[in-house]
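Following are the structures in question.
Presented sequentially are two complexes of chain A, the first with chain B as partner and the second with chain C.
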Partner chain A sequence: MSARDSDRKRELLGLYNEPDDAADAVSRLRGVGFGGNDIEIISATPYPEGAFGEQHAKHRLFAFPFAGAACGLAVAIAWHIGAQIALPIVTGGKPIVAVPAIIQVLYEGTMLGAVLFTVLGVLFESRLPDGIGVYDDRIADGLIGVSVMARERRIPDAQIALEEAGAVDVLSKDGSLMRPAAASP
Partner chain B sequence: MQEPVTVDRETANRELLDFVFAWPKWFFATTGLLGAVITLGLIIFLLLMIFGLQLFGYAHPVYWGFPVVNFVFWIGVSHAGIMVSAILRLAQAEWRRPVTRAAEVLTIFSLMTAMTFPIIHSGRPWRTLYWEFPYDWMRGIWPNPRSPLVWDPAAIFTYLTSTVMFVYIALLPDLALARDRVKNPIGKAVYGVLSLGFRGTTRQWRIQAIAGILLSALILPIFVSVHSIVSWDFAVTIIPGWHNTVFAPYFVIGAVHSGVSAVVTVMIVMRYAFGLKNFITKDHIDSLARLLIIVATVWLFFFMLDFMFGLYGTEPAEVDTWQRRLMEPPWTAIAIIFIITGYIIPVGLWLFRRVRRNFFLMFVTTVLVNIGMWLERYMIVIPGLERKSNLTFQYGDYLPSAAEFGIIAAQLALVIAGFLVFSKLLPIMPAADIKEGQILRDEIKVGRARVPATMREA
Partner chain C sequence: MIKPEAVGLSLTLRPPYRPSTIAINRKSAVVVGVGLLAALGVVMYVVKLFSWGDRAEWAYPAAITLFVLSSVSAAPLVAFASRMARGYWGLPARRVVELFALPSMLLFALLIPILGSLPPFEQDGVTRANLWFGWGGGAPFLTDQLAVSVMLLAGGALMWFAAVPDLAGPPSRVRAMPAWKRLLFLNWTGTKRQWIVLRTSMRWISAFYLMMYVFVTMILTTDLGQSLLPGWRSGIFPAYHVITSFQGAIALIVITLFLLRRYAPSVGQFIGDEQAASLGKFLLALTLFWFYFFWSDFLLVWYARLPSEVAAVQTNVAVTYIVPFLIAMFGQFLIPFVTLIFNPIRRKLARLTAVSVVVLIGLLFDRIRLFVASMSSENPFSHGLAELPEPYYPNAIDILFMIGVVGMVAAIYLWVLTRIPTPGGWEMREGAMYRREQKYMHAEVLVLGKPD
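So, the complex of A and B:
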């Protein structure tokens, strides 16, 4: 194996029946030197944060609505004032841009901007859209997946840690079953 | 909750996705019937474009009829979804879990239906496009962008977009679940694309939880603004009976009353039609009924305020309008039916626990509420316009035509069909949310009693 190959990261997925086993797998992986960013828990159901001893997910989702609101307000002002100036309506001496009449539209524009940016923020912070990575349909039925990104040379360590925690199966990137580490030559 | 949902994950997956993957016979019969009614509505719409508004029962000075009444009614129904879903999410009410999706979907389809009414009301739908994009600039005639009628599309577009986004974000885990469970390769590909590669990592679940709360907090002010703006379509005019400062909160709370009742109706139908007896329990209906007692009573308070403000100024035109609404046929009968069906019968019955936990009675009473609330909107819109003013030389009573009833039936069919088709393609209950509720659910012993204890995210 070349040095380049041994530096390449590969994803392994251990599947567990019980949350305790999955938490044990996370501890074991940490024990053999895998960092928090390398380990991911995958489940069909949201578990309380920290249930598996994983790192707290940092995010900036709360900034998105504010940015969106500012953009929405700016677009609403430009749109509405632009429309009032563009249409040559006879106003009989009244102002062309009537503030009381556009407050509602500015409000809606601001809120729409906030919602749209929040949705974009949700997708961005969830790292979506994304390729599915290593996954198994049995997760939908209740199995819990512990995924680990390991360099080629560290794959055996990761596999042993996942198996020792009681994994039902350990899958590699292409979805194929890994041979049990003990049986590997 | 005294009667929590207790099914294992496998059963939950199967039962919640059962209707998506199965093809019951009644589905074809029902969609066929609904399709026929919608076709009838389309034919009426085509005739409307050919013959114009003479198809409707308008008579000078009444040119706002069924289309406007229905517009207000369906906007009102649409408020339930977000109100129920957003408030319960923000309050982290455990019993919200099976309720939210159906409520949100009802919002989307009733809002889409409501949006068709201004187009029908205009009589010349192509003119609606002109209001937004004035294309015949050669004549020098321009729509007025300062008109209150511009507020409506702005608010409704914002509300619909936000609701669709809200539902889509909440749907991601269920789309992923459908992707994992469906056998058909085309279905797998479609659900795969729609789920955007969601696989349920800790980070994705964390963002899902925050997104639900954040989007709820953003949508609630929009929800209040939408029906306020609908009420201002009336309140900023000088028509007697409409020009009232209390209209915005009165309309909003009326919308909530009507909408939450519609959610209860829909949930009871879903329980039996989609086989969701394990998920929609008496407790859910009971909780919503208790909420409805409060909402209905607040709504009655605002109705009384509207009445009091109308009379207290002793403005002759206002007093005449109320005289017409309450004392002249056929309005007296309509007023009596509306107050009996909208408040007295339902709230009177909901005071009894036995009624609140009886699916049949709850179905009947919530349908009655919406009959009453439709009549309320009818009573708000028409009598104010029917009044003779100094320059009214031609006068006739508004009598809704068969075409208008046909349009109403078609629009109701459109909402039901939309809901049904959605339920056929996507889970109508948030499976992940329900399963989360089961994980977090535990029991603790307090003295000799065992009570449910729920851990909540901070």
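So, the complex of A and C:
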């Protein structure tokens, strides 16, 4: 095996019947040196954050509504000020660009931007590919998956950690890594 | 103690409880009837289009449109409230109410001719009252429709995102989808990050929906109401409209839950007195709010005695539309107040449903007295009514139009029930994870876990 091959990361997925076993797997993986970013939990039901001892999953969704609101506000301001300046009519002695008179449309523009960008943000955060290469339909049947990205040379460590935590099965891209006798139904 | 339905507490994570779509027999008399009513609604809408620009002709359509806004469009907010307050009673109802986002899309089509019939802000050098300071950049048609579109977009996104984990199916199915469809299903696998993004987005979008709902109510009630009836000036009216809309939404949800419990066992098995007790409290509180907002509004006019304001109140409250007003007062306040103060009525779904029907009837007549009066007002450019107008009665087409709109809402809702699994499976499973009935001394108590 070349040095490049041993540095390449591969994904392993351990499947567990019980949440406690999945939490144990995360703890064992950490114990043998796998970092928080290498470990991912997959489940059909949302568990509380940190239930498995996993690291907080980072995302940037919160930035999208603010960015969208700022863009929407800017467009609304440009639209309004442009219209007022293009056709300057003094109404009731008020300034040509009077904020109270345009605040509703500024609000609409801001909200439109915020909603659109939030929807786009959700799509962005669900982007393809998502880094999860190994999956198993048994997760949809209630098993809990613990996915770990490991360098080639560390695959045995990861596999042992996953198996010792009571995995029902351990999968790689090429299929099950567990011996048929060891894999419980 | 009011207990959740036992089946809701006994849901398992493995094998996971998976909701199904509701199978509807298309040949049943009720479904055929709803379909015919929906077709009637489409026909009446087309027939009414021949009256394009005639504002009074659109008076009753405006009333029923605002009735839809006040009940159907407000319903998804109950899911938001229940999630924000960690109200587990709402678990079986959340998907049921979110699905109302789809029929509320009708608003957009209904508002096109209604807004198109509004007079310009300025005519012969005279300006009528409006929120837009006479702005000529497309107000009120474009601005109102834009606001409605943003609200509907938020409602649709909320409904879809909440349903994705139940709709997507196993990862192999999602992976086999074409890229665009996979993205539409948020590339769903169920990773921790996906769950967090899903929850965060639902919180944001729900909040935006609420913000837009209140805004849409403010501009529509002003553009179709206060700005058309001379002398009608009220700062509290949009708030009154929002509060009565929440009341209408709760009533609609109670009726829907009752019907689902009775005719759709797959959903109905989770619905019971726990939902009735919580929704009943809301309904009672909102009933009291009705009086507070109405009285606050009315008292100022009564005390100030400005002739133009008095004439407006005489029009839509005391003289011209007194019959619809009385029906509204009895339906939205007196009957629900007198009945809902009693626990045996408020906590039983069937009895609460009967009260809810009365509330919705009251709401419809409330919208009629408010918006038929304004839409049929002869001269919105004057500063006050010289004499009180005669009531504007509906003709056969108006009545059929209103019935048809109700039919369209019901038909779309039934259709979406056959497409999106109900109730929300992942939230039901999560709820089962956090709730247990336990013995405490000699009593059975409900132990709740609230993770965040």
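Couple of notes before you dig in:
Criterion: the second predicted complex is superposed on the first by the 134 of 185 C-alpha atoms of A that agree within 3 Å, B and C clash if a C-alpha of one lies under 4 Å from a C-alpha of the other, contacts with A are read in each partner's own complex, and residues count from 1 in each chain.
Rule of thumb we're sticking to: a contact is a pair of C-beta atoms (placed from the backbone, for glycine too) under 8 Å apart; a residue touches a chain by one contact, two chains touch by 3 or more.
As the structure is a computational prediction, the values presented were derived from the model and not from experiment.
Of the two partner chains placed by the overlay, only chain B lies in contact with A:133; chain C stays clear of it. When both complexes are overlaid on chain A, the residue A:112 reaches chain B and chain C alike.
When the two structures are aligned on the shared chain, A:44 is found in touch with chain B and with chain C.
In the overlay built on the shared chain, the residue A:168 is in contact with neither chain B nor chain C. Of the two partner chains placed by superposition, only chain B is touched by A:88; chain C is not.
In the superposition on chain A, contact is made by A:17 with chain C only, not with chain B.
Once the two complexes are overlaid on chain A, the chain A residues touched by chain B in the first and by chain C in the second are 40-49, 54, 57, 59, 61-62, 65, 80, 83, 87, 98, 101-102, 104-105, 107-108, 111-112, 114-116, 118-119, 122-123, 125-128, 130, 132, 135, 137, 139-142, 147.
For chain A in complex with chain C, the touching residues are 17, 40-49, 54, 57-59, 61-62, 65, 79-80, 83, 87, 91, 94, 98, 100-102, 104-105, 107-108, 111-112, 114-116, 118-119, 121-123, 125-128, 130, 132, 135-137, 139-143, 147.
Those residues of chain B that touch chain A in the shared complex are 9-10, 13, 134, 140, 142-148, 150-151, 154-155, 157-158, 161-162, 165-166, 168-169, 172-173, 176-177, 180-181, 192, 196-211, 214-215, 218-219, 221-222, 225, 229, 232, 432, 435-436, 439-440, 455, 457.
Chain A meets chain B in the complex at residues 40-49, 52, 54, 57, 59, 61-62, 65, 80, 83-84, 87-89, 98, 101-102, 104-105, 107-109, 111-112, 114-116, 118-119, 122-123, 125-133, 135, 137, 139-142, 147. Across the complex, chain C meets chain A through its residues 12-16, 131-137, 139, 143, 146-147, 149-150, 153-154, 157, 161, 165, 169-172, 175, 179, 182-183, 186-201, 204-205, 208, 211-212, 215, 219, 426, 429-430, 433, 451-452.
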